[in-house]
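The structures considered in this document are given below.
Two complexes come next, and they have one chain in common, chain A, joined by chain B in the first and chain C in the second.
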Partner chain A sequence: MEFLTASLVGWSRAQFAMTAMYHWVFVPLTLGLGVIMAIMETLYVRTGKEEWKTAAKFWMRLFGINFAFGVATGLVLEFQFGTNWSNYSWFVGDIFGAPLAIEAILAFFMEATFISLMFFGWKKLKPGAHLASTWLTVLGATISALWILVANAWMQLPVGMEFNPDTVRNEMDDFWSILLSPVAINKFSHTVLSGWVLGGLFVTGISGWFMLRRRHADFALRSMRVGTVFGLVASLLVLSTGHMSAYNVAHYQPMKLAAMEAHYEGYEGVELVGVGLLNPDKQSWDDGVQPVVGRIAFPKMLSFLGFSDFNAFVPGIRDIIEGGYVQPDGSVALSFEEKHERGKLAIQALADYRRAMANGDTEAAAVYKEQLRQNYAYFGYGYIDAPEGLIPPVGLTFYSFRGMVILGGWFLLLFAVLGFMAWRRDITRCRWMLWAALITIPFGYLAGEFGWVVAEVGRQPWAIQDILPVQAAISSISAESVKLTFFIFLVLFTVLFVAELRIMVRQIKKGPEVQDDACGTDNVKTEK
Partner chain B sequence: MCAGVVCKQVMSVNRNMFRYVSNALAGIRSRMPLGYSLWVIVAVKLFIMFAVLRLFFFPDFLGSRFSSDEERAEYVGGELVVRGQ
Partner chain C sequence: MITYTFLQHYWWFLISLLGGVLSFLLFVQGGQSMLFSLPRSEGQKNIMVSILGRKWEYTFTTLVTFGGALFASFPLFYSTSFGGAYWLWMLILLSFVLQAVSYEFRRRPGNVFGTKTYDVFLFINGLLGTLLVGVVVGTFFSGADFTVARNNITDIGSPVISRWNNGWHGLEAVVQPRNLVLGIAVFFLARTLALLLFINRSGDDELTTRSRRMLWYNAVPFVVFFVAFVVWTFLAEGYAVDDAGHVYIQKYKYFTNMVEMPAVGVCFLLGVLAVLYGIVRTLACGNVRNGIWFSGTGTVVTVTCLLLAAGYNGTAFYPSTADLQSSLTIGNASSSMFTLQVMSVVSLLIPFVLAYIFYAWRSLERGHTTAEDAENDGHP
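And then the complex of A and B:
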């Protein structure tokens, strides 16, 4: 216990956040670009036009580069579970283990098998069989994301399990409620679709660059057209799933919603802050100071987003701490003090149960087990000593949410305008738009990272919502060792990222006329 | 003397194998430079992750300290209780 310091919790969280965010640099492009290259290959198979094959191969080569750099970067997160987060790993073992095992067995092997056929099978497979390999590669990557996101969603909404005090583990008793929980379904769709948006941005941005350089005009226009339509559809779907995300957060993680909006005092018909600055004078959740200044807000929109009702009551941070408001399920919310008390009761019941079992007193053990069961929903609150401990970092969550939404709006507009120009006008004359498409690529990555910050920082202090806070989830190890591995990962991932950028840029500059047989591509010649 | 001959033959086979492998790699490198680079990157990355990081920096905290699941449950249960008191 002497090791269990704020520094250890901070470094463990920082390391996990950093590696997850670097992992998320590689993953979304795999998800998005994969679908686009598969669409282009489908067009080739259906029309027989070699131009589509050339385009599909070009984007497939970039997909391959991204895949090679990204593969296994997620494994380091599992290393951390075993070393830095051992209490958590044990506590959730069966539930977290099942989706990850399915991911490894089904999705990873599916992906690994068909990606080989996709890259090396151009000359060996019939067009239809090759196309099937391409789609199955994309499907494998997407299913892989599904299981990871199901595991993550369970941490946001722990369902389908029962805590076993003998094994000190949450044991799965309903697989389907975990897989089909509203948070899991929405998290999967919103996250994968955001990857599709990035894929659209990447293709339109690179196509714009070719147009700016007046190279490969036909290829660039074809890619631009596919990229804009795909990106526009994905953006509209992201908008829809974003609404559902807000709905889920409002129902299952009200503190996260309150932090996203810096919403301290609840009332009916709450506005949505479009743009605003956090007031630096706001020092505490109960000081009554106005939290946001200089804001532009949309009246009643937060109520609508959260509850599909323009006049719904949205609890603020103060309400969630003080309790007493009616929750969506009709029950009255408990205050922090009450939840803390029940959490303490649950922890004490666990201790008493284990002692009773050790003494062979099964009758007393049964009583304590029932006490634990009745209070288990608040187990994690027993580790939080003050109401401030319940509040996630409001500034980071607030600004990240704004960043994600504003960028999402920009992407939607960009796809719509670029698409119109690419399909109806001569887009090459609008050079500023081509520049805008190119410059927007990194913002696609940034929006995805903002999304993760909102989802993960916004749910602090919970490793598992309401059940296990981060301070109870970490291992009793030295903060120095976590700090050391933090910097090792930082260097490793930065090197990987820079190397990927260099190789990617070099391959893009070569254009679709490929000299390299690297990814099973042959010597395609296209017009300059 | 016999051992010396065998030893020379083994070394010769090793040299031939090394030459064969290096020629094959050089061939792959010249024919598909991108693919070669990507395979090298993947191999180096996996080596660093599993042979260095996993082995030396990320031991299984519970697995390395306890020999049975009962002991692990006992430890984690104790930790959860102590941290909550």
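And then the complex of A and C:
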């Protein structure tokens, strides 16, 4: 935990990471469970069967409990861009702020409005209108995810902008290329679908628990069937979008890919490590020590995942630092030293330009501006003084990636087997499988967190890829202040999380028969 | 012809309007601050929570939108104020985190801390949320202790552009008398609006009667503190900016703005009159229940006009007391023309958003809220 030293950057990162990780406990379930409860309500409206209404209401109650915490952590995240990353906010706020504002205008109000109708409107709206409210709540949550993920994707692949030396910020010049960048599209689909997988795991796990307790058999079987089909479809889609993620990382963030695989020395036809341990003797990127021991690998698969070519060259960490290899666009990669020099040149050119402009020397300013333009692609490298500063934490990235992929494979298998048993056999007789479904729920959360660790830790040191490293993105406040707010938020979130867990468990234990609260009181059909 | 200047003014208008709507919706916080003083029974408290609980997400969402819109349209304010007045914003955030979970958790079995703890959370949000938002708005008129130096980005060892000049990081704004006066005014305004809302929505006669009585004790301090703030601000020096972007001190700047922008000045007066009319009519006539609509609309208009006066007519909307030329204006703090154009296209959807909010509000607010309704709603 190197970053938990008393540095401002470290504490700022820790605070943002902690808030984001808590946020991601709640958001994926909102995305996934929302669709499932909407499907169930649709089945109710189409068939008129009260059993579907009962099921939809039960999952809706849990959706509501889960929702509030996501809202709270989301607010803190949004404001932290300003409070803790103020330089970032100015440097790229012209581009980054727009998706956030659009998210608020288009998505948050939709969620806030229709969630009220969904919860309070059972007796006040016609079934069709209520169903529309439920779907619009889910749509609002999904649109919200779209815009924040567009913003996040832009940080990984900064497109559609130009640096303005007069305002000292990056300015948007192509909205559509930001919205439709390959990273944005893939990040949105991969992330939302992973939320759907969690929704499927949650529903199948809880349904399995009811079956184990031999309670609400009909409700549990209905939910299990919907959950497994939904989860299986989502898992297959996650698999394909995962492949696209690897492709994007290989093309736009090669260092992240190298860290994910602990891949130090590049060659053609690179294997994909299935399982393995990082070698503790590996001390440096250029010591030549074998980085992974005891590994089981899939030959040539990393080349295929990254470049759709089993024999493609995949640069390792050493190659990226030393440069000299041919990149996907045909150009020859620069070394760190060269990028660092060009970055410093860009920063100096900016300083010279502004000085020249202040002195009214427009001729010199034009020269410096051109110098800046030619070197701006490496602007961020000017802040990094050693090649080690380019390497993200390999251990965390490597193990998180394995954890995510292995768990994803397990979920796919679980949904397939559970689905087969639920649709074709008497699943209640297969108790170990029900236990497996129940126990897998927390691993669904874990897989999502692993995914975000790969995405965010793996792109360090960049706040904006190649343009702005985290140490140049922070606010000017004391590390002690951030440390204090870190612990305040940590305690607050943890305490409230414990409360939420207990509430959720109590609500689940009550089962679908309870006539109370969130969904009104009208004739909830009981199952005994 | 849509110019850059027009778009900057358009977005400052939207920010001002959002600020006005947020001020109105702070009735949720105002109501929360009376959870321990207004109701005489648990049933009455549940009615209050039920009335407020159907609206808290609108306030919360408006706050988020206010932040998002500021980020997108005036990013230099976002980076300067949020990163500088760190503790002020953190306190606001903390209080809203407490609120977000409390409506859902307070009466749920297994909530660990018991209903009263969550009610205390709501009270804290009601007190701090209103007071501190008022203090932040106060700094638009009184200024803040920061400097902005864009050249800092070229200093590799210390590249932060916006910096705060004292170690209190925003807490100093709370003890600045004029900010505090506005904070207190906002606190009592929120309570006043909440009482008017309870009078309008409550199906419990005793709660309605008590709300009318409490209205005296909240409306009078609100008027006193609000008038004090307005008079103080109109008589004080303001921060003007000339066409070249040079910021200077001008006597009676905000009053002058109201005079030189007669539409804003007249709307401001009409807004204040509407607020007062809603209050006075409710106090004077025992059967009047619609005061909230007059006072609510008046609040939106009044606050919008105040914020317009803070940014329009050559005024620095976020003055720097440390370095006048670091002050933020709608000209130097805004996003690029292209971004403002994109955002303006999106803003055309706002009427559509307002339409479905209106539909939802109408659908859920048929009839008055009774103790039975409160028992059966989504916040047990």
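Here is the rule we go by: the second predicted complex is superposed on the first by the 516 of 528 C-alpha atoms of A that agree within 3 Å, B and C clash if a C-alpha of one lies under 4 Å from a C-alpha of the other, contacts with A are read in each partner's own complex, and residues count from 1 in each chain.
Note that in this section a contact is a pair of C-beta atoms (placed from the backbone, for glycine too) under 8 Å apart; a residue touches a chain by one contact, two chains touch by 3 or more.
Note that the structure is a prediction, hence the values are computed from the model and not measured.
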Practice item. Look at the residues of chain A and decide whether chain B or chain C touches more of them. Key: C
Check your understanding: Touch check for A:Val159: first (chain B), second (chain C), both, or neither?
Key -> neither
Practice item. Would you check which partner chain A:Leu239 touches, where first means chain B only, second means chain C only, and both and neither mean what they say? Key: neither
Point to revise | Partner chain in contact with A:Phe175 - chain B first, chain C second, else both or neither | key: second
Practice item. May I ask you to decide whether A:Gln507 touches chain B, chain C, both, or neither, giving the answer as first, second, both or neither? Key: both
Exercise for review: Mind working out whether A:Met21 is in touch with chain B, chain C, both or neither, as first, second, both or neither?
Suggested key: neither
Check your understanding: In the superposed arrangement, which partner chain does A:Gly82 touch: chain B (first), chain C (second), both, or neither?
Key -> both
Check your understanding: Does chain B (first) or chain C (second) touch A:Ser116, or do both, or does neither?
Key -> second
Study note, to complete from the structure: Residue overlap on chain A between the chain B interface and the chain C interface 64-65, 68-69, 71-72, 75-76, 79, 82-84, 86-87, 89-91, 167-169, 344, 347, 350-351, 354, 382-383, 472, 475-477, 481, 485, 488, 492, 496, 499, 503, 507, 516-518
Check your understanding: Given the complex with chain B, which residues does chain A contribute to the contact?
Key -> 1, 4, 61, 64-65, 68-69, 71-72, 75-76, 79-80, 82-84, 86-87, 89-91, 165-169, 343-344, 347, 350-351, 354, 382-383, 471-472, 475-477, 481, 484-485, 488, 492, 496, 499, 503, 507, 516-519
Revision key, fill the gap. The chain C residues in contact with chain A across the complex are 54, 57-58, 60-61, 63-65, 67-69, 71-73, 75-76, 78-84, 86-87, 89-90, 93-94, 96-98, 100-101, 103-105, 108-113, 150-151, 153-154, 156, 159-164, 167, 169, 335-336, 338-339, 342-343, 346-347, 349-350, 353, 356-357, 360, 363-364, 366, 376-380
Exercise for review: Under the touch definition given earlier, write down the residues of chain A that touch chain C in their complex.
Suggested key: 64-65, 67-69, 71-76, 78-79, 81-91, 93-98, 100-106, 108-117, 119-121, 124-125, 164, 167-169, 171-173, 175, 344, 347-348, 350-351, 354, 382-383, 472, 474-478, 481, 485, 488-489, 492, 495-496, 498-500, 502-503, 505-507, 516-518, 520-521
Exercise for review: Please give the residue numbers of chain B that touch chain A in the complex, ascending.
Suggested key: 31-39, 41-42, 45-46, 48-49, 53-54, 57-63, 69, 72-73, 76-77, 79-85
